[in-house]
Structures are given as C-alpha cells and as structure tokens.
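What follows is a pair of complexes built around chain A, which joins chain B in one and chain C in the other.
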Partner chain A sequence: MHKELDQNVAGVEREELEASGSLGVRAVLGASWAVFVKDLRTELRTRYAINVLVLFAACAAVAVSLGVGFIGLRRTDEALLIQATLLWIALLFAALNGLSRGFVQEEETRTMAALRLAAPPLAVYLGKFLLNVLLLAVLEAITSLLFIVLVRVQVGSPLALIGTLAAGGLSLATATTILAAIIARASFKSALFAVLAFPLIVPPLIVAIQSTAAALGSGGLPQAVPALQFLGAYSVATFVASLLLFRFVWEA
Partner chain B sequence: MVQRLARLGKLLIGLWLAGVAIAMFLVVPQYEGLGNAGRIVIMHVPTAWVAVVAFTVSAIFSARYLWRRRPQDDDYALAAAESGFLFTTLATVTGMIFSQVVWGVYWNWDPRQTSIFVLLLIYAALFALRAAIDEPQRRRQLSAVYSLFAFVTMPFLVFVAPRIADSTLHPNCAFIQGSQCDGLTLEVGKIGLLGDRKVQLLALERNGDVVTAQVKVSEPGLTAERVLSPSFDLVHEEMVARPEFPGLRYQLGLEAVDLEANSALLNIEAPGTGLLENRRTLFTFLAAIIGFTALFFWMLSVRATLLGVQWALAQRAGGRL
Partner chain C sequence: MSGQPALCNPTSRTPPGRVCEHHPGFQFLCYNRQVETRLTVEGVAATYGARRVFADVSLELSGGEVLVVSGANGSGKSTFLRLLAGLQRPEAGQIVYRCGGQALDPRDAARLIGWVAPDLMLYRELTGRENLRFFAEVRRLHLDDGAIEALLERVGLAGRGDERLATYSSGMAQRLRYAYALLHHPPVLLLDEPGLTLDERGTAVVERVIAEQRRSGIVVVATNDPRELRYGDLLLRLGT
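Let's look at the complex of A and B:
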C-alpha cells in the first residue's frame, strides 16, 4: 500500500517535472481538460454554482427593473452610465458569490488530497479556470438578456458590448480563480472571497463600465478598442501571475 | 556595538523628525491664501511616499519568503504591511484635511485618492486573510501569494485611475519640474469633466485681445448650475479672469484658446501651486521625506524583530505542552 502510494507520488513528481518542460505541455493540457470535465460533471449534478450565479443576477435585474425600468427614462449619457454600472454590479456580485465554488467544493468534500495526487498543480488551475470562464459566459449572456428585456436597455453597438463583456469576464476569471484557491484553505470563505477580490478588480471594473456605457450609446467597435486592449493586458498579467503563484497556493 | 549604533540611530531619527516638525512652522514661509493649515503638506507628501515604499517592501519580502521559506522574511513582509497601513491612513487623513481647507472638498475621486483608497482596501484584505488562517505556515504562504498578486494589479490601477476624473487637484506642476497639468480641451458646445464638476463650453467671445469663455459649471448630482466667464489675453498669452468654482476655493482657468477650431483649454487652478519654487520649502520637504523613510525602516526592523520573538516564544510554549 505504502509502496503504491510512493510510486503514485513519484509519478506525480515526474509529471510535474515534465510539465515544466515543453514535452509535458500536451500532458498538462490533457490533465487540465480532465479536471475541467470532472468539475463540469459535478457542477451539472448539483448545479450549485450556476443556480447561485443566475438567481443572483436575475434578482438584481428584477430589482433594478422595478426601480429604473419605467418607460419615461430619458436616454442621456448619465442614464447609459448608470445602466452600465448596474449591469456590472449585478455581474460582479453574482461572480463573487459563485466563482469560489470550484475550490471550496473540493475542500468541503475533502477531495483536495485526491486531486493533488491525480493532477499536476498547473492542470488543476487551468481546469478550474476554464470552468469559471464557462460559468461567467453563461452568467453574462443571461444577465445582459435580462437587462435588455426588463430594464429596457437599448444596445447601440452589440459587437462592442459583446467584446466588452467577454474581455471583462475574462479579467474577472483570471483575477478571482487563484483567490478562490486561497480562500478555500481559510475560514469565513465566502465573505473573505469578496474582500480579497474587490480591490484587485477595481481597475478592470472601471474600464468595463465605461466601455459598456459607450457600447450602449452610439460608440462603435473602434471606440471600444482601447478598453479591450486594457482588459486583455490585465487578463494576461493576472493569468501569468496566477500560473507562477498557483504552485505555492496548492502546496500550502 | 550594533545595539549602541541602533540606539544612536533611533535618537537621530527622533531628533531629525523633531527638527522637521519645527522647520515646518518656522522655516517654511506661509503660502498666500492658505494660512497655517497649508503646512500639513510637509507631513502629507512624505507619508504618501512611505505608503508606496512600504507596499513595495512588503511584496519584495513576500517573494523572498516564497523563495527561501524563512519565517523571518514573512515577519518583515507583515511588519512592512502594518507600518504601510499606518502611513497610508496618515497620508489619507492629512490629504483630506488639506483638501477641505484649500479646495473645500474632503474627497473627489482624484486619481491619487482612488489609488490610495484601493491600497487601503488591499491592506485590509491582507489582514483579514491572515486572521482567517490558523496554521502559521499556511498563513505565511497564502498571504505572501496574495501580497504578490495584489502587487501585480497595482500598475493597472495607476493607469486607469485618471480615467475616473479628468482633472486632478494635486498640484503636479509644482512638484515635478517640467511636468504639465493637462486640463481639458473643449470645442464650443461640448461637455467635459473637471474634478467632479461637469463643465460645458457655451461660447467664446473675442473682445480686442481678450477672449472670454462662457462655461456652464454643474455641481455633482446636477443640483445647481452656474455660468462662469474665465478669460485669456491673446497677446500676452496669459489668463486674465480666473473665477472661483461656486462654493469651492479653486478657480477655473482658461489656459489656451484656438479660435479657428473654436475650442479652448480649461483647467483647474488651485491655490498653492508653485510651492516648491521656494528653496527653503524644498529642503524642508526633502528632510521630511528622508526622516519619514528612516522612521519606516526603523519601525520595520523593530516590528519584525518583535514578531520573531513572539514566534519563538509561541514555539517554546508549544514545545513544553
């Protein structure tokens, strides 16, 4: 038994070594995909995260609709900025409630140790990250549709809005996935997640809100390019930092 | 020998800072229009500088901890974060007092205010994280990771903060030689933002060599509007009339006019701009910055040593159990 375990551990270490070289890239990507599929399957079984995300966003959209969805609202610059802010508030708080699920669930079901043996750290991170991206894509699609229907948001440039939502969602996912791994090892998990995430998300949030407001107005795709570049750069920086730092979170 | 040097250093820092405090009142001349309250800048700028240094030092020691896994490095990272939090709070409070006295507003989401606010939130998050993990080694490692991760996102904030408010009340031009306050270029009829005030350029009227602009200024929340008329002398290329914003002690300046494009450059003119042209003020500033930086590093080493002793004691108590 012990010998078997030792061999397993040795196998994992070898995999990790391979992961650092170019030879192991395929193996890591394969393992990442396996982690992603596993998480997707457990998520589809319980539907915990998606329920939290969508219900929260729906509640927010309805609450906003009750307040500012009346017909007489004039379409001024300020109104567009307010609508964009409300949309991102709904997205942000839904995300801060649901996105930590991937790692917290491993801790709650005590499957962390098994996962540690089964996959290299990089693959775990990439798998969970993919799941978060998928969850955010679903969340953003549903929330923006609800806002268009219930809050009477008129979209001036759909392409720019989709681009901004995609890039903003990517920034949210890259910034929060590693934080989810951190808070999974601490107490007061869900409250701590929002506290840790918010200060780091402020820059992309500001840019995303302003770009969304422009997209709701008459601003076309070319006008959204600087914001998309900024969100892309933020995503790349936080993604690379996560890749480098995740090893330390995983072994702590 | 080392202890004696440390004692001497401590004494020196104390004397130095006392000297700075005295110089703040006796050496620095009183700024026109600001009264004695203006002197708080001598404390404000160095504390803000130390806040940035502390955040960097904390990130460096966090990286060193992840590299070498020595508890001492984490002690230094925590000590830097704690003193950094203290200095960040001091910088915020002194800045708010100065802002209220000089400009009549405590807070206006000026880019530096945004950055320092987020810095406070990051420190708070770091302490909350440390409090939520019981096991020492895990606490050290995870907080080091968070500290480094937060450090990576800070440059983006510095880039993005100016987008919130187009103009700053911080007198950049005075502090950094050759720098420019950008202001806001508007065509007639267009709307822009100076600080938290919405401004609309209604008209440009030429009367001889002097061009007068009609600018509609709206209060935050659009509660009140007023038309101000700053003017500009085309021949001497200088501002003539600089009306005050309603209710505030800063002024609206017309810095340049392009009559062909029918546009004008508007900017906030704050009293107190040009502080550092005075040599005595400059030297007091430098002395204050040196003193506060030394104070920070002294606090850092004392607090880190204390944390090390605490940890050793806790380990000994645990060993006896």
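Let's look at the complex of A and C:
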C-alpha cells in the first residue's frame, strides 16, 4: 500500500517538475487575482484610497480653475506646458497619497502575517500592483475630465493624451507599488514614501509632462511615440526590478 | 512514523499523476505522502533590541507530539512561536522542518504551518466566509462552499460565515483564526494562547483540534494558563 502510494506521488513530483514553469505561473497568477479581488472588495467597502484620490484630484482641479483658470484658454507653448505640469502635479500628489495604502493598510491592520504565511510573495506584489493600476486609471480619467471641464483645457490629440496618461500612469504605478512595500513597516511612512519616490518618479514625470503638453497642442500620436517608448521602457525596467526585489522586501 | 494521518489518500482520490483536488501542491507532495514531519530547533536565540529574550533553545519534535511553551510575561513565548512560523528570524541558531528526512526550504516550510495567535489578524471588512475563501485561493486550495461551511461548523461558526469579521465578538474572531489555521490541513499547528477569549464551547473546539492534530501532526502551544499545560507531552519553560 505504502509502496504504491510513493510511486504515485513520485509520478506527480516528476510531472510537476517537468511542468513546473507553467504550473507555477498559473498558480501565481491565480493567487495574484485573488489578492487583487480581495483588495478591490476591501477598497469598495472602505473607499479609503478612492476617497483620497478623488478628493485630491477634485481639490487640485478646482484650485487650479479658480486660481489660474485663464491658463486653459491660452494655446502658447508655455501655457500648454503649464497645463500639463498642473495636471501631472495633481496626479502625482493624489497617487502619492492614495497608492501606498495597499501595503500600509496590511501593516496597520496587522493582516500582513496572515498573508505572509498563506500567499506567494509574487502574488501579493502582482495583486497590489493590479489594484494600483486600476486606481490610477480611475484617477487619471477623473482628473483629466475635471481639468478639461473646469480649467477648460483643450486637447489637440486625444489619442496621444490617452497614450501618455496610460504610459505615465503605468510608470507611476510600478514605482509606487514597490515603494509602498518598502515603506510599509517603516516608522515615518508618508515622509519616507515621498523621499524615496522623488528620485524614482521625477524622470518619467518630466517626460510625461512634455508629452502631455505636446498632446494638448498640435502634436499628434507620432510625436508622442519617443515619450511613450521611454515611459514603457521605464515601466518594464521598474516592474522587472520590482519582481526581483519584492521577495526580499516581503520576507525582511 | 507515529499514528496514521487522517488525510485523504491520493491513491484512492486522484488518478496517478494528478495533484489531489483537496491538497494540491505542497501538501500532496509532503504531508499526504504519509511521511513523518519533524521539527528541529538548534541553539535558537532571540533578542528585542539589546535585550536577549532567550538563548540556546534546542529541541526536536515529531508527528504526534504536543509541546507546551510556558514562561512569565516577556519570556519570549510568542516570539518563539513566530520564529517557528518563519515570521521572524532567529538571532542565532536554526529551525529546520523535515518531511521524510528531507529538510525543507524555509519558504516551503511556511506552508506546513497553521498559526493561531492574538496578533494574527484577518480582514475585518470581509465576512468570515470571504476570509476563508481568499486564503484558500492564495494557498491554491480548491474548496467549495460545502468545505468552507464544514470548516466553519468545525470551529463553531456555523451560520455566521456571512457576517463581516468587524461584527464578530473577540471569541468568534478567535474561532475564525482556527478556521484560517486549519484550512490547509497543516502538519504543524502553532497555538499562541489557544483559549484566548473563548467560552466553554470554544475551549472544547480547541481541545478537539489538538486531539485531532496529535494523531499525526505536531502541535506547539504557548500559554500561561495552568489549565492548558495539560495539552502537552513536553514542556519548555522560557525565562528560567
């Protein structure tokens, strides 16, 4: 009986070893989706991050429209650059305030240990990353619409703007997700998050601002391609580095 | 090997070459193989800042044994269990889990463990059932509603699974911790203050869980409650 059992189990081991690549990926993706769904469900019930993101975006758009609303009517290069800068500043600060919640909340509610014992580290990272991408997409949609309506920003090339927002948002999400994991157990989380985020986020931010200014003006999609390539490469590099780094951050 | 594990038998439940539907992945390869799990602690020490909590703790446990860890407040009972769970690294020494004589990677060893402790928190915004389903999914266990209901019933939460954890009493939350810990049929159960906030029925659940676990698995209980000392075959006193 035991001999038969061992033979069968050994068969499974061999099969698992041979197919470990695809099995492992499927398992991690399944667990990642579970983490994403859990976080989304929790977020929809508490609405903590969404409230922070939307309120920040709305405040920024209203403040800009009341303070320098005339800037939206001007079509000079400087005015377009200022419009793009204001848009990305609003996005950046909202993201810095809301996107670290994923990991910080696990630490503050002390659910981190339960998750560490049960979930593969990579699944935790991917699940949190997916939620940040979703939140950032919602944030970008709301902020852009508010800027268009309240600041009367005119968009020369909607396609280039959407591409830049998507690529820039992805850059922000990759950078903020791994930073949130790093600072989750630190004492001064917000301050540390801002300090660490600054050098990591400034390069893609500058490129995104310039590309957005071009998209608001007469620049079409071809003109935005170099910026999109840079932002895409930045996102891929940060994402891959995060995948390699996360296990050490998670198990530290 | 001590005792016969009360687990599903892969040869009768799954075709050869397939992962068991109830215990896919690691459990199937190790625990359900019906080989003995052993825990070896060698010269382990822990510190809090500059203060050394305990040092040079060595012991060996195998399936069917129950260890009770006792000691004054601050003697390091909870820390010792966190070390065993892999949630903290020892200052010195090592902790090794072996299945069938083969030492496991610490990352895999975490999947052998069921951990119940006062500082184990589950998701307050989710219901009891949602919590268990989530942890089953990330552990890659395919549990249907019936299996989760059976688990809830086992810990005395039958009919309360659809209430949010935030509305649970402290005793109900403790019972849900047991359900979380037992979800994957772990061969090693670590119980820190197992009877915390539990009523008589809850205490009976703990006794039943320990009795079932000791048929094949390892149990480590950290407690100061004299009534809980009786759970153990072995006693480790810290801070003496």
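The rule is short, and it goes like this: the second predicted complex is superposed on the first by the 226 of 252 C-alpha atoms of A that agree within 3 Å, B and C clash if a C-alpha of one lies under 4 Å from a C-alpha of the other, contacts with A are read in each partner's own complex, and residues count from 1 in each chain.
Basically, a residue touches a chain if its C-beta (ideal position, glycine included) is under 8 Å from a C-beta of that chain, and two chains touch if they have at least 3 such contacts.
Just so it is clear, the structure is predicted and the values come from calculations on it, not from any experiment.
Trainee: Quick check on the superposed pair: does A:V195 touch chain B, chain C, both, or neither? Answer first, second, both or neither.
Mentor: first
Trainee: Of the two partner chains, chain B (first) and chain C (second), which one does A:G168 touch, if any: first, second, both, or neither?
Mentor: neither
Trainee: Which partner does A:A34 contact after superposing on A: first (chain B), second (chain C), both, neither?
Mentor: second
Trainee: First (chain B), second (chain C), both or neither: which does A:T42 touch?
Mentor: Only chain C; A:T42 stays clear of chain B.
Trainee: Give one of first, second, both or neither to describe whether A:I178 is in contact with chain B, with chain C, with both, or with none.
Mentor: A:I178 sits against chain B, while chain C stays out of touch.
Trainee: Quick one: classify A:G102 as touching chain B (first), chain C (second), both or neither.
Mentor: A:G102: touches no partner chain.
Trainee: Would you check which partner chain A:P120 touches, where first means chain B only, second means chain C only, and both and neither mean what they say?
Mentor: Second partner only, chain C.
Trainee: Once the complexes are superposed, what residues of chain A are shared between the chain B interface and the chain C interface?
Mentor: Residues 251, which sit in both footprints.
Trainee: In their complex, what parts of chain B are in touch with chain A?
Mentor: 66, 114, 118, 121-122, 124-125, 128-129, 132-134, 137-138, 141-142, 144-146, 148-150, 152-153, 156-157, 159-161, 163-164, 191
Trainee: Mind listing the chain A positions that touch chain B in their complex?
Mentor: 77, 175, 178-179, 182-183, 185-188, 192, 195-196, 198-200, 202-204, 206-207, 210, 230, 233-234, 237-238, 241-242, 245, 248-249, 251-252
Trainee: Quick one: which bits of chain A touch chain C in the complex? Just the residue numbers, please.
Mentor: It comes out as residues 2, 4-6, 8-9, 11-13, 15-16, 27, 30-31, 34-35, 37-38, 41-42, 45-46, 109-111, 113-120, 123, 251.
Trainee: List the residues on chain C that touch chain A in their complex, please.
Mentor: Answer in residue numbers: 9-11, 16-19, 25, 28-29, 32-34, 85-87, 107, 110, 113, 115, 119-126, 130, 134-135, 137-140, 180.
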